[in-house]
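Should a chain be cited, it is by its letter among A, B, C and D, assigned in written order, with residues numbered from 1 in that chain.
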Amino acid sequence: MATVVAPRRGIFARPTGATGWLSWVTTVDHKRIGIMYCVTAFAFFIIGGLEALLIRAQLAQPNGEVLSAEAYNQFFTMHGITMIFLVVMPMGVGLMNYLIPLMIGARDVAFPRLNAFSYWVFLLGGLFIYSSFFLGGAPDGGWFGYAPLSTQLPGDGMTFYSLGLQILGVASLAGAVNFIITIINMRAPGMTLMRMPVFVWMSLVTTFLLLFAMPVIAVALFQLMFDRVYEANFFRPSAGGDPLLWQHLFWLFGHPEVYIMILPAMGIVSDVLPTFARKPIFGYAAIVFAGIAIGFMGWGVWAHHMFAAGLGPVANSAFALSTMFIAVPTGVKIFNWIGTLWGGAIRITTPFLFAVGFVAMFIIGGLSGVSHSIVPHDQQQTDTYYIVAHFHYVLFGGAIFGLVAGFYYWWPKVFGYLLSEALGKLHFWLMFIGFNLAFAPMHILGLQGMPRRYYTYPDGMGWNFWNLISTLGGFVIALSFVVFIVNVIRSHKKREEAGDDPWDGRTLEWSIPSPPPEYNFARVPVVQARDDWWHKKYVETPEGEPTRVFAGGANGDDAHGSEEDAGHGIHMPDPSYFPLVASFGLPIMGYGVIFQPVLIGVGALILMLGLFGWVLEPSAEEAH
Amino acid sequence: MTQTGIEHSPREEEELAHHPDPRQYIVVGVWLAIVTALEVAIYYVDSLQDIIVPFLLVFAFIKFFLVVTWFMHLRFDSALFRRLFVSGLVLALVVFAIVMTIFLARGGAVPEIAGG
Amino acid sequence: MLTGVEAKFITEQDWMGTPGKRKSRILFGLVLATFALLVAACAPDAPQDVLKPEGLFAREADRLWRIVFPIAVVIFFVVEGVLIFAVIKYRQRPGREAKQFHGNTKIEVALTAIPALILAGIAVPTVRTIFDLAEERPGSMQVTVNAHQFWWEYNYPELGITTANELHIPVGQPVRVRLEGLLTDPVDGTEEVIHSFWVPRLMGAQDVVPGRAEFVLLQADRPGEYWGECKEFCGLSHANMRLRVIAQPQEEFDAWVQDMQATEEHEATLEGADLFVNGADNIGQPCSACHSVEASQEQPRIGPNLGGFSERGTFAGAIFENNEENLSAWLRNPPAVKPGAKMPNLNLTSEQVDALIEYLQSLE
Amino acid sequence: MSAQEAAAHAPAEHQTSTGLDNVKLAMWAFLGSECLFFGSLISTYLLYRNRVLDGPRPHEIYDIPYTSVSSFVLLMSSVTMVLALAAIQRGDHRGLRIWLLATAMLGTVFIGGQVYEFTAFVEEGLKLSTSTFGSAFFVMTGFHGAHVTVGIFMLLSLVGMSMFGRLSDADGPRKVELIGLYWHFVDIVWIVIFTVVYLIPTN
């Protein structure tokens, strides 16, 4: 692309070099950022898992002595915060980061440096919240932080909560904008919206939910912060503050948040199943519009978290109805997944097992979800282990199974080698059994009247047996992830080359080398159909059976050219220090609010300098 | 993705062509001033106090509309910009209308409840 | 034709045996297990089993549950069955290719309509029940419930009785419970938090929101002692905030009311009585500063009203059985046995503890 | 928010699927998100404006003539902003700087007015901690003021960039338009606040 102006002399040189830790710290490559997202999220997953094991150990038997009430409250709060904000969301974002550009035929996201900024803010935000353990106690008011308890709890725990989530919100918002624009605007020629892989579609819905949900929780968290630190009255009943305001704002964010966590997994499954069934997705349009419908309806059901709060029969009925009918689009998706398997030639691989596990478990979560909409009985279920069972079937049986399916599916693309199928299947069965052992009994515990967030329970309530089973299951899940880690290490040593297209995939990312070059596509592909890559490899016979038009595929036309000309003349955005610099401003401001007002100014200054450097550094093409 | 930051796609060229000239901007500015004056004026007309709210809302909407369509060029630019913005705006209006309705329907704090 | 790697998976399947069957066997086993567990949920020894309703509200909720649960079970088995069937039947065998079809509008429409209809069917009775339970029942008795960290205060406005943690109600008569959220905690003046009043076998939970008053219907079909809990996370001892509802035949209840109305400082001769009312040098304030011993005396409303204490089965948020051992442990250091309890450690001497226990056990 | 201002400065990409500019799309998406942000703040205010257990009530303390003037000032800053845009689209960089400075100045006047208003309210006994009304009012208008302040910084940066010739390429007008969009949004938020918060009478 010809440039007309003379290159500016930037005051700030941009870092160079493609290897070494500095290249990771300053990278703006969506693939590296995606990997960093997933690795960080997995690290937090292990921490959150250990917290869960401590919780289960405490509850394994009546009058447990493992944890004190104080410790228990901190651990269940941090378990929730960690798994939601530091594991499921960032894992989804990590996969989006890595895959969306590859799937839509782009060379990077719309805003590479903003992308890096999102990651660093996410990382620092997570560390900020966890630093509270060493600075006088972690948040202990529940991830839902109901006021006025959250404004009354002593110590800085809940202040860390309000500020930490605020910081993570900045990361999510930046990421959301970035991906929305990337998907709208960075598609390869011919990649129309209705040709996009379902994962990209679900990511688009997810990012829109983030875009509109994050500001609401931001306001709620600010109000909580002002109440705690600056003696405001938003949630102070004695001054006329209304505790229900927090609940409305929180769940206005909190329910879309549920779909923010589950939709990317649904997208992954919708791409994994067709590949291994060797069949196009059944009812592409229906599955896409179902996703969009879920996104919309997700805004009309928040008050079903408040059926016991006293909204009155009219509001309760209205939200009961909306809650029931959001099950319809969800059902559509499940039927379409089954339809995708129907008549296929299914290769039962590890990613496929996890994807089917997702569908199987999500059905249970969906059914128990419908049972919440019968309000009078929800008043029995709410805040019992029945709820805990329900959302673990959705977020673990759902989201985590889907994400792990994604890891096994795209691992060969990202690292160029295959994970062991034998260990992978062992991982699946251990996780599947452990999961059901851990969470199926919670349905019963809930119906037997065991409330959540109890650090102890007495003997003679009929809860002992199932709690023990559940704890057992928890440890089986832990074991299954040990197997996963072993799998990664051993497969890495063995390094069984995957080739470009190990699964005979359907979408663009399989048309390029594994791991992909920095510029993704040597020649930007021209897309002619949905599942473009599949249609380049196969034509359908009149009987509707696919026959290969050429073998392998990686060297076909529109795939990456021969290596010597590959990447020639492609200008990728240069790495940058400033996303990292700027991101440091936020946690420093956070500590400032809690400990020393001066730091607020310092943080703001760092943020501003970072942004100025960001703006003023010569942008990519001028470095050439 | 080579980043020239130089050429405008044809689409943008015509956008720029569509942008109104300073005179129109000033006319809009004058209208804004007039509407604001009206708002403040009726605020002081006692006879209108009972029905003032709809008037004020209409005036506010007019100002909002003028700025968004002329100064932010939504009437000239691509519909996509409008959709992004309006979806957020409408969503906000709808959900918070519902929230406020719920609060109004159930009333607020019960005054007679004492602190002890 | 297959590339090398694909071939690898074919062989791995053979090497694994037919994973489809094994998967299905295990999955099906789990399915049965899950179902069996849900049936087993009606365990006999669960005093808070919501599936064994004994009161109007709980019965109505249970009625809806018995409509929805079977439907859910059927859907569960059908859908999971079809899923497993598809995985087994259509797994790849040499020479079998996938049929390349992209959808089927008829089926998709049908599968969208059916769930919608089922849900509509569920919606009708649900909404009707919601409004029905919100109705005020004629001839209902009034009870006001205040929630404290971490105990319950009950007030019978028509009978002039105040008591704590153990709520007595007449069998068969609807009780209109007014859940009144205090603004601040009378002990230390901090903002009161949200609690939730729940008696699983009698009624669904209703939050007690500071500054708000909600009504809920409580009615027991049969005499008995029904256990309940605070269900909204309310702090350190959320798990130690329980309650009992004691449903009695009308005449027993009336007798209890009379006893309570007549309660007063018995046997003022006991040294415990003097200690309770006037305190001692080593105690900051006397017990009477926070606790009344007359159910007819609402004030001081700082600690639980102790009128008729010896008649109670439990104390301190219905978590301790009312006996000397528990009482002395409690009186020696309340926060030690109940984290976050707002009754301070008064550093009582063991003589004082014994005296107080003697006095408390004399309160009838 | 910072992330988005950053977005407004990320390098441009013109070969897009829609033919639209990435950064401009991003700005509009961000403004859509901001609607929810201020929607929450304004709803909170509407919920609380009549819940005054202590301290002055809204209509006792608002100084309508004063606020009308400052609102007018902010409104006019939108006019000068578009004139700045028109100037750079004509290639008139001197005009650009003049109008940008005028806009920044008007914005500063508005902020000054808000600072004075806050201090006056505090003297009349309305603090963040006085009542729910106080909390809702100060936090809502405070966040709006913060947005204006950020806008002023961005305007001044534009002036600086223009002086160092960094707006002289054909990309200049786009940068000005982006900051303009943000500025106008902050203005329309105040249009709503002025009517809903100040003018609509409370009981």
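One rule holds in what follows: a residue touches a chain if its C-beta (ideal position, glycine included) is under 8 Å from a C-beta of that chain, and two chains touch if they have at least 3 such contacts.
As the structure is a computational prediction, the values presented were derived from the model and not from experiment.
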Closest chain to the centre of mass proxy, which here is the mean CA position: A
Top chain pair, ranked by how many C-beta pairs fall in contact: A-C
Centre-to-centre distance between subunit D and subunit C (centres being mean Cα positions), rounded to whole Å: 49
Euclidean distance of C-alpha centroids - subunit A vs subunit D, Å: 33
Length of the line joining the C-alpha centres of subunit B and subunit D, rounded to whole Å: 13
For subunit C, residues that touch 2 or more chains besides their own: 181, 183-184, 211-212
For subunit A, residues contacting two or more additional chains: 1, 4-5, 184, 186, 211-212, 236-238, 240-242, 244, 310, 312, 573, 619-620
Multi-chain contact sites of subunit D, meaning residues that touch two or more partners: 11, 13, 15-16, 18, 20, 25, 29, 32-34, 36, 39-40, 47, 51, 169-170
Residue ranges of subunit A in contact with subunit D within the complex: 1, 4-5, 8, 110-114, 117-118, 121, 170-171, 173-174, 176-178, 180-181, 184-187, 191, 211-216, 218-220, 222-223, 226-227, 230-234, 236, 239-242, 245, 249, 573, 582, 585-586, 607-608, 611-612, 614-615, 619-620
Contact footprint of subunit B on subunit A as seen in their complex: 1-5, 106-108, 184, 186, 208, 211-212, 237-238, 240, 242, 244, 248, 252, 299, 303, 310-312, 314-315, 570-573, 619-621
Partner subunit C, residues of subunit A touching it in the complex: 68-70, 73, 141-142, 146, 148-149, 151-153, 236-238, 240-244, 277-286, 308-310, 312-313, 316-317, 320-321, 324-325, 327-328, 331-332, 334-336, 338-339, 341-349, 353, 356, 359-360, 363-364, 367-368, 370-371, 373-384, 418, 421-422, 425, 429, 432-433, 436, 440-441, 443-444, 447-458, 460-463, 466, 498-499, 501-504, 540, 544-546, 548, 551-552
Of all residues in subunit B, those that touch subunit D in their complex: 1, 3-12, 16, 19, 21-22, 25-26, 28-29, 32-33, 36, 39-40, 43, 49, 52-53, 56-57, 59-60, 63-64, 67-68, 70-73, 78, 80-81, 84-89, 91-93, 95-96, 99-100, 103, 108-109
Of subunit B, residues touching subunit A in the complex: 1-7, 80, 87-88, 91, 94-95, 99, 102-103, 105-106, 108-109, 115
